[in-house]
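First subunit A sits with subunit B, and in the next complex the same chain sits with subunit C.
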Partner chain A sequence: MKSFKTHKSPDDTIRDMLLFLLENKKVSSIFALSKVHNNNYAYTLITDKELLKNITPTFPLMPANAGKMISRLTMIEAVKSPVAVVLRPCELRALFELVKLEQAKLDNLLFISFTCGGVFPIKTKKDSVENALKNYWTNAKTGEDLQELRECCRICENFVPDNADIILQLAGKDIDNGTSVLMKTEKGAGFLNGMSEQFSEESLESTALDTIGEIRKEKKQKIFADLKTEDFGIEGLVNIFGRCINCHACSKVCPVCYCKLCYFESADNDAGPSIFEIELKKRSALRIPADTVLYHLGRMTHIGFTCVGCGMCSDVCPTNIPIATIFTKVSERVQKAFEYIPGKDLEEKVPVSVFEMKELEDVED
Partner chain B sequence: MDEKTLPQIVGFLCKWCSYAGADLAGVSRLKMPASLIPIRVMCSSRVDPIFVLKAFLAGADGVLIAGCHPGDCHYQSGNYYTRRRFALTRKIFEELGLDTNRIRLSWISASEGQRFVNVVTEFTENLKKIGKNPVKAEVFL
Partner chain C sequence: MKGSTIPLKDNLNNTIKKILKTLLEKECFDAILVPSRVPSGESFTYLLINNKDFLESCTPLPPIMPVQGARALQNFTRRGKTNLKVLCVMRPCEIRASIELSKLRQIELENISFMSIDCPGVLVTRDYIDKPKESDTLYEEVIIQWKGEHLRPTCNACVHFSYKDILSDIHIGVVGQKNHNILLVPLSEKAKAVLGKIDIQCSDDISSWQTKINEISQKKMNQRNTLFSELQGKSAGAENLDKLFSECINCHNCMRVCPICCCRQCFFESSDEVRIESEDYFIKAQNKGGIKFPTDMLLFHLGRMSHMSLSCINCGICEDGCPMDVPVAQVFSFIGDAVQKMFDYVPGKDRNEPIPILTFKEDELREYEDSKG
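Let's look at the complex of A and B:
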């Protein structure tokens, strides 16, 4: 893969790249994480190169899933002029799923991503993230587990952005001695043409990345085993989702939970007096808000195939239900059954949207 | 479950095949346990997994989805999608420690009145063996 090296930090390298793209009118705007106001981080669209100093694309925080944000921008029609998008691997995978579901369009987007070391939960205080940065990058290099990170990130094995046009090597690399930029696609190489004089060849595969994968896989197996979802049964489900206050925040931030008219927010799901009475006759008691277990199981059936394991849901849960971990575990099982990896390949259809004439005979009776 | 109380089964029957099959069983005066609460849907693929979960969590001992045999769908391919979704629901049931024997997918054509009776009888017998849906014991669901 064609690549070049810089002697700057990853953020500065990305800034240089984006400045080059903006100045040469190769892109009209930039989509990236920025530091806005005091201590606030948010995704932003930028056209003024003066504002590039604000962007912090590698800052380990995900205030929203960028895949969902890009879907919002491109749902009705594709962007008209080229936009450079800097995002994390899981966000890119979420976006690819949304494209398959016809919720986003990829035309005119240039994707810049990096091997990801994970992010801190949204609720982490921003200054404590800033203080932990040194530690974060040391661990990102070796793959050593960092407890403060999102649980989903600690167990993520898909931290290499296979579908990005331009990839920076961060996790698995020593970033103190400069940053290497890989041009994964012809498109990426075309956009960066003229930016550097000295191109070399570099592979995305390395033992360091494999080691990180191994460490995370081990962690995942442990965390999944501790979760014991197989033993839940109805009692376990009531126990864990009984904490749910039905705020639906997890579905609001979920990139692949995209329905405009959600069943769980529709009038169908309003429990009027007649429903209460039927329930009360049956059980002589009713939990209010009702149907929290149904809500989570229902969501699981809807996003089981497309869940990319970004961990936004756990982050926003006010009652600290480990939604993301449970969903990732269940989804992984479901996805494995159909040999489907969400966001990997645009051509590969979501399993519920296609079928084969002869299959799954074991589920019929 | 004691012999007298029948399990309750919520059945989603496709209008073109299984519901007609149930009708045939009726007009042929075939005997079967009165355990099924039929709900007619235009196609088995109309059944969102949420419907199955809703019935299950409302205390149904079993949930049956029945549609045309593969290849016979009135809408060409609806039942193939049903099968995939059902496989997904089953996997989720397995993973969360819920009993997959409580949900069932069967193909029953309009001419198979006897098969309809067999499916309902067999499913009812199985559910009798498994016992009551534990959801019923959860008061604050």
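Let's look at the complex of A and C:
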């Protein structure tokens, strides 16, 4: 792959690239995480190059899944002039799923991403994240587990952004020694053509990445085993989802749960008082609001194929249910059953959206 | 007003539980809607119960409010009245929210009766779930001492924690009694008949309880004034508001747990807001050099505020539902208080008084008309 190396930090390297793209009118705007006022971080759509000084694309926080945000931007129509989008691997994968689900369009988007060390839970105080950065990057280099990160990030094996046009090697690299930038696609190389960097050929450092993958896989196996979902049964489900308050926050921040009006919030799901009366007669006690377990199982069947394991859902749950960990575990098995990797290949349809005569015969019998 | 003193049986919840059992047994009600512990033990949910054996798991005054009671009642009666005579055991703010929802035609109150309890406030849900055992001990103290360090901030500033301005039928007084005995006070004719049916004679003097309630009210009013004067400075002007809400990630969870915010689909999640042409985003970005995504964070809060602040009963559940600890309930109760005073409206106080925005008066708010020429 065509590549270049800088002696700057990842954020400064990205800033230089974006400045080059904006100044040379190769893109009309930038979509990236920025430090905004009040010491906070948010995704931003930037057209003024002066504001590039505020971007912090590699700052380990995910206030929203960027895939969902790009879906907002491109839901009706593709952007008309090129936009450079800096996002994390799971966000890019979520966006690809949303394109398949006709919720977003990729035309004119240039994707810049990086091998990802994970993010802190959104609730982490901003200055604590800032203070933990040194430690964060040390662990990102070796892949050593960092307990403070989102559980989903600690067990994520898909931290290489295969579909990005431009990839920065961060996880698996010592970023103190400069930043290396790889042009994964010709499109990426085309956009950066003309930059005054020393271009050479380089490929991803697979040994370091494999090591990180191994560490995370091991951690995943342990965390998944500890969940004991296999032994759940209805009792286990009631135990884990029984404290759910039906706020549906998990679905609202989920990038792939894209329905504007969820069935569980629709009039179809409103039981009249007579239904309650009949059920009460049968059971002597009814939980109200009902169906917390059904809601999660319903959501699971809808998004199990497309769940990218970003972890937004766990971060916002007011009752601390480890939703993301449960969903990634179940989704992994669903995705394996259909040999489907969400966000990998645009041409590959979401399994529920296709019909095959011969399918899942093993389950049939 | 008179009441009936009931001796405390090991603790408050068990004492009330016994009364509830009797009420079901004597068929005063067909069913009781009451908070109960979930099977895994670390939270509570509303249960609709018609068999006294199932009342065993109930906790009439739980330490947290994971779901606002009015939401539960809305769930049950949004489609129309129930044929069952139901007693809802709720906190005062949950009953007030239920009254507001009935005005908004989300709850049908026919056949519904309420039992309210003097409320010392609730703990923060997330904190409780993390440490249920320690929190239970802590809450035992809260019930006895009425101390508020660990409570929802709006609970400390709540002046509607007892029987005043609450449309309850049976009220349970827990303060100002000897040996922590409790006091059953019928607040409606219906309640007197019901209590008569279970042989509870309401002839006891309630003045010591009332005195204590007045004393606590005064203390809470002071705390409310302190909180509001702090917020006055923090919330004036767009810049300050932006700062207060700066941590908001636009998840809309404050709205989703709010009992008053009853729209099935919020404008801010509708096609009108979500399906925007990309060009419109770029125009906005170009105007300012850049915009935050998701957009309209502050507009959402201001929109919600203008929609529900007249009916806001300060329950504080929005702040509990917020994953980012935005002081949303404090801001909303402060603004709600000002708006409600302007319209001389107390939400949840009177079943027949319409919500001011639902009525038209020719002569209204004249002072604002002319203020700026």
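Definition applied: the second predicted complex is superposed on the first by the 357 of 365 C-alpha atoms of A that agree within 3 Å, B and C clash if a C-alpha of one lies under 4 Å from a C-alpha of the other, contacts with A are read in each partner's own complex, and residues count from 1 in each chain.
Keep in mind that, in the parts below, a contact is a pair of C-beta atoms (placed from the backbone, for glycine too) under 8 Å apart; a residue touches a chain by one contact, two chains touch by 3 or more.
None of these values were measured; they are calculated from a predicted model.
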item	value
Room on subunit A for both subunit B and subunit C (clash or fit)	fit
Which of subunit B and subunit C A:Ala337 touches, first, second, both or neither	first
Which superposed partner A:Glu265 touches (first subunit B, second subunit C, both, neither)	second
Contacts of A:Met300 with subunit B and subunit C, given as first, second, both or neither	first
Touching partner for A:Phe355 - first (subunit B), second (subunit C), both, neither	first
Which superposed partner A:Met69 touches (first subunit B, second subunit C, both, neither)	second
First (subunit B), second (subunit C), both or neither touched by A:Thr6	neither
Subunit B versus subunit C as contact partner of A:Thr328, first or second or both or neither	neither
Partner with the higher number of touched subunit A residues, subunit C or subunit B	C
First, second, both or neither for A:Glu230, with subunit B first and subunit C second	first
Contacts of A:Asn40 with subunit B and subunit C, given as first, second, both or neither	second
Superposition-derived minimum Cα distance between subunit C and subunit B (Å)	7
Set of subunit A residues, in rising order, touched by both subunit B and subunit C	235, 238, 242, 284-287, 290
Subunit A - residues contacting subunit B, complex	229-238, 242, 263, 282-287, 290-291, 293-294, 297-298, 300-302, 304-305, 329-330, 333-334, 337, 351-352, 355-357, 359-360, 363-365
Residues of subunit B that touch subunit A when the two form their complex	48-50, 53-54, 57-59, 70-71, 77, 80-81, 83-92, 94-98, 104-107, 119, 123, 134-136, 138-141
Contact set on subunit C toward subunit A in their complex	31, 33, 38-40, 42-43, 45-51, 53-54, 66-67, 71-72, 75-84, 108, 125-126, 129-130, 242-243, 246-247, 249-253, 256-257, 264-265, 269-271, 274-279, 281-282, 285-286, 289-294, 320-325
Subunit A - residues contacting subunit C, complex	28-29, 31, 34, 36-38, 40, 42-48, 50-51, 63-64, 69, 72-80, 122-123, 235, 238-240, 242-243, 245-249, 252-253, 260-261, 265-267, 270-274, 276-277, 280-281, 284-290, 315-320
